[in-house]
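Order of writing sets the labels: A, B, C and D. Residues in every chain begin at 1.
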Amino acid sequence: MTLDPGLYNYWIVILLMMTGLYTVISRGNLVKKVIGLNVFQVSVIMFYVSMGKVEGGMAPILVEEAEAVYSNPLPSVLMLTAIVVGVATTAVALALAVRIHEAYGTLEEDEILEKEYGAAGPGAADGPVDDHEPG
Amino acid sequence: MLALIDVVLLAFLAVTAVAIVRLRDLFAAVMVTGIFSLLSAGLFTVMDAVDVAFTEASVGAGISTILMLATLAVTQDVEKKRWRRRFSPLALGVVVVTGAALVYGTFDMPRYGDPDAPIHHYLAPHFLEHTPDDINEHIPNVVTAVLASYRGYDTFGETTVIFTAAVMVLMLLGGAATIDRRRPGGGRMGANVVLRASAKPLVPLILLFGLYVQFHGDFGPGGGFQAGVIFAAGLVLYALVYGPDRAQAIFTGRRLEALVALGVLIYGGAGVAGIVLGGEFLDYDLLAADPQDGQHRGIFLVELGVGITVAAVMTTLFLLFTGRGQPAPWEDRVGESEGTP
Amino acid sequence: MSVWLEALSWLSMLAGSLVLLVTGLGVLTLPEYYSRLHATSITDTLGAALVLFGLAVQAGWSLATAKLVMVMLFLMITGPAASHALVKTAALHDLSLPPRRRQEDGDAGAD
Amino acid sequence: MTYFTVATLAILVSMAMLLVRAFKGETVYDRILAVNSFGTKTVLLIALMCFMTGRPDFIDLALVYALMNFISTIAVLRFTRYHDMLDDDDLRARRLSAPIAPAIEEELT
């Protein structure tokens, strides 16, 4: 196989990162935002791990061979803990979402703002309010 | 061949990410997130980061998905379609410009897998060469050695972050943590026979496997973080099939809270022991007569502490989320049609 | 490794690959949920078992084989259990089988 | 090496088809089905990769995948908006009230 990914990995990582960012910016649903953050997080982890790979290397678990080539263990260490910390912080975000839902009865950003500030709240200036919402 | 797998899986990953954004049914989006983390864990294996793959598989595909589902079960599971939601030119513009700038930046990067990249010439060779001398020749897993010993201070911080997160979720959701038997995922001991029969032999096996991962982490992929999550996953399976109240008969909230703290204390204790014995914080060399034995003992204790904390935190999180009360009365969830993209 | 073992491993993996392709094809092309479920649940278990068996023959008698057998056993317990849960969940709720006409039409499902 | 290649390609193609199903969906159950089957494929892919890289003792990874896939499938079914469905009591209760297609009725008994 002579396929060489070159910089392809990094481009996909950037695509993922931007997808996550777009979700966080443009979606009003809080759980969707958390999902977007998760996508973003995975992309960062992927970026680090991609950099750690050495061509023809193997996982940094030492073997008896003298001439073995290993991939870089350092990104693994950093990202391993980052994943577990990531799920813990995701849990905090989700817990906040649950409490917000209990308080406002919705997870939609603009509805929460409406409940907080009334119909002409800070969200109203951003665009035309279309009240023909089905269901 | 591995390069091909890398390219194809990354392409799948990109498509999946776009699908996640476009799905308006949050339930479906969370499920596709499951695929997303399975794919990324596969990619970590291709990139030789087996420990990361281990963690991502257990955390991303398992616990994280379950927590999101539990959240959806007590809140709403369809994103509402209102103004500003479908398409946002401003957000797209920001994203495209940022993305273009980042892509421009990558042209200065070493290509994927380049052995001459600067990252491989600074600390990594040191760790790979000196682990058998500095730490212990019987610990071939360099990731574990770096995690628990070279960068032990950092890992201690991360364990504390997990501890803090658990405390925060307890503060947010712990108040009314009573299990309502009529809630999704709650109560109900008379679960399905087939599931009960297949889960019964699996649960002890999973717990055993968790212990194996915990204590085999020095020699192969694994360690405290992974083992903790796997152990918690066993308990979660039990709670899912037999009902959380049965799981809570053994792991009551109080005991779990104590375990969350115990793990951090073991870790900190191993560090303080170094000071007491006349060295520095987290200096394992002094824990035994021979520095190498001391290192092994220190790593064992630290990993044990991490494992206990992570297992207890993950179980606590699951029980807290599923233990939340009924959805609010204004949410009429019955008869909602499925939203498709 | 003897030629026979090699051939056995080859055959097993090849058969497994075919079965796995059928899984994908079935899920993609079959017309409704229950037939798709039918396509995946059986082929998943069989294909996985075949591929893992092929790998186990490759590995010879080692720790890796023991682990492969564990994976195989695990998939054999969980696969059918998950399929059972899937069909039961769907059957009890909004999804009913389409009317019997599918069979009268003469096999609309398989192609 | 060739059979690894054949099996890997088969798995990748199969994965692509499952992805399409997971995105298209039709019903929520189709998605769950696709995700579950996708997990099995990942397990096999990991097992193959362990052999390709010459470190067959990493099969532990495949085991974790298989495990998590099962648990998350069960969790997904537990938390669908049509919850409670995995209970036999519930089944009996529903059979008295809800109209279930006769074909399924036969199969469940």
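Everything below uses one rule, namely that a residue touches a chain if its C-beta (ideal position, glycine included) is under 8 Å from a C-beta of that chain, and two chains touch if they have at least 3 such contacts.
None of these values were measured; they are calculated from a predicted model.
*Asks:* Which pair wins on C-beta contacts, B-C or A-D?
*Replies:* B-C
*Asks:* Using CA atom averages as chain centres, what separation in Å is found between subunit B and subunit C?
*Replies:* So the centre of subunit B lies 29 Å away from the centre of subunit C.
*Asks:* Using the average of all C-alpha atoms in each chain as its centre, how far is it in Å between subunit A and subunit D?
*Replies:* Chain centres of subunit A and subunit D, defined by C-alpha means, are spaced 24 Å apart.
*Asks:* Would you kindly tell me how far, in whole Å, the mean C-alpha position of subunit D lies from that of subunit C?
*Replies:* Whole-Å distance between the two chain centres: 10.
*Asks:* Can you pull out the residues of subunit A that are in contact with at least two other chains?
*Replies:* In subunit A, residues 58-59, 61 touch at least two other chains, as defined above.
*Asks:* Please list all residues of subunit C that touch 2 or more other chains.
*Replies:* Counting only residues that touch two or more other chains, subunit C contributes 74, 78, 81, 85, 88.
*Asks:* Going through subunit D residue by residue, note those that touch at least 2 other chains and give them in order.
*Replies:* 4, 15-16, 27, 32, 50, 53, 57-58, 60, 63, 67, 69-70, 74, 80, 86 - these are the residues of subunit D that touch more than one other chain.
*Asks:* Name the touching chain pairs, would you?
*Replies:* A-B, A-D, B-C, B-D, C-D
*Asks:* Under the stated contact criterion, what part of subunit D meets subunit A in this complex?
*Replies:* 53-55, 58
*Asks:* So in the complex, which bits of subunit D are touching subunit B?
*Replies:* 1, 4-5, 8, 12, 15-16, 19, 22-23, 25, 27-28, 31-32, 35, 38-39, 42, 45-46, 49-50, 52-53, 57-58, 60-61, 63-65, 67-72, 74-76, 78-81, 83-84, 86-89
*Asks:* Any idea which subunit C residues touch subunit D in the complex?
*Replies:* 9-10, 13-14, 16-18, 20-21, 23-25, 27-28, 33, 36-37, 40, 44, 47-48, 51-52, 54-55, 58-59, 62-64, 67-68, 70-71, 74-75, 78-79, 81-82, 85-86, 88-97, 100
*Asks:* Where on subunit A is subunit D touching in the complex?
*Replies:* Checking each residue of subunit A against subunit D gives 58-59, 61.
*Asks:* Okay, in this complex, where on subunit C does subunit B touch?
*Replies:* Residues of subunit C touching subunit B: 74, 77-78, 80-81, 84-85, 88.
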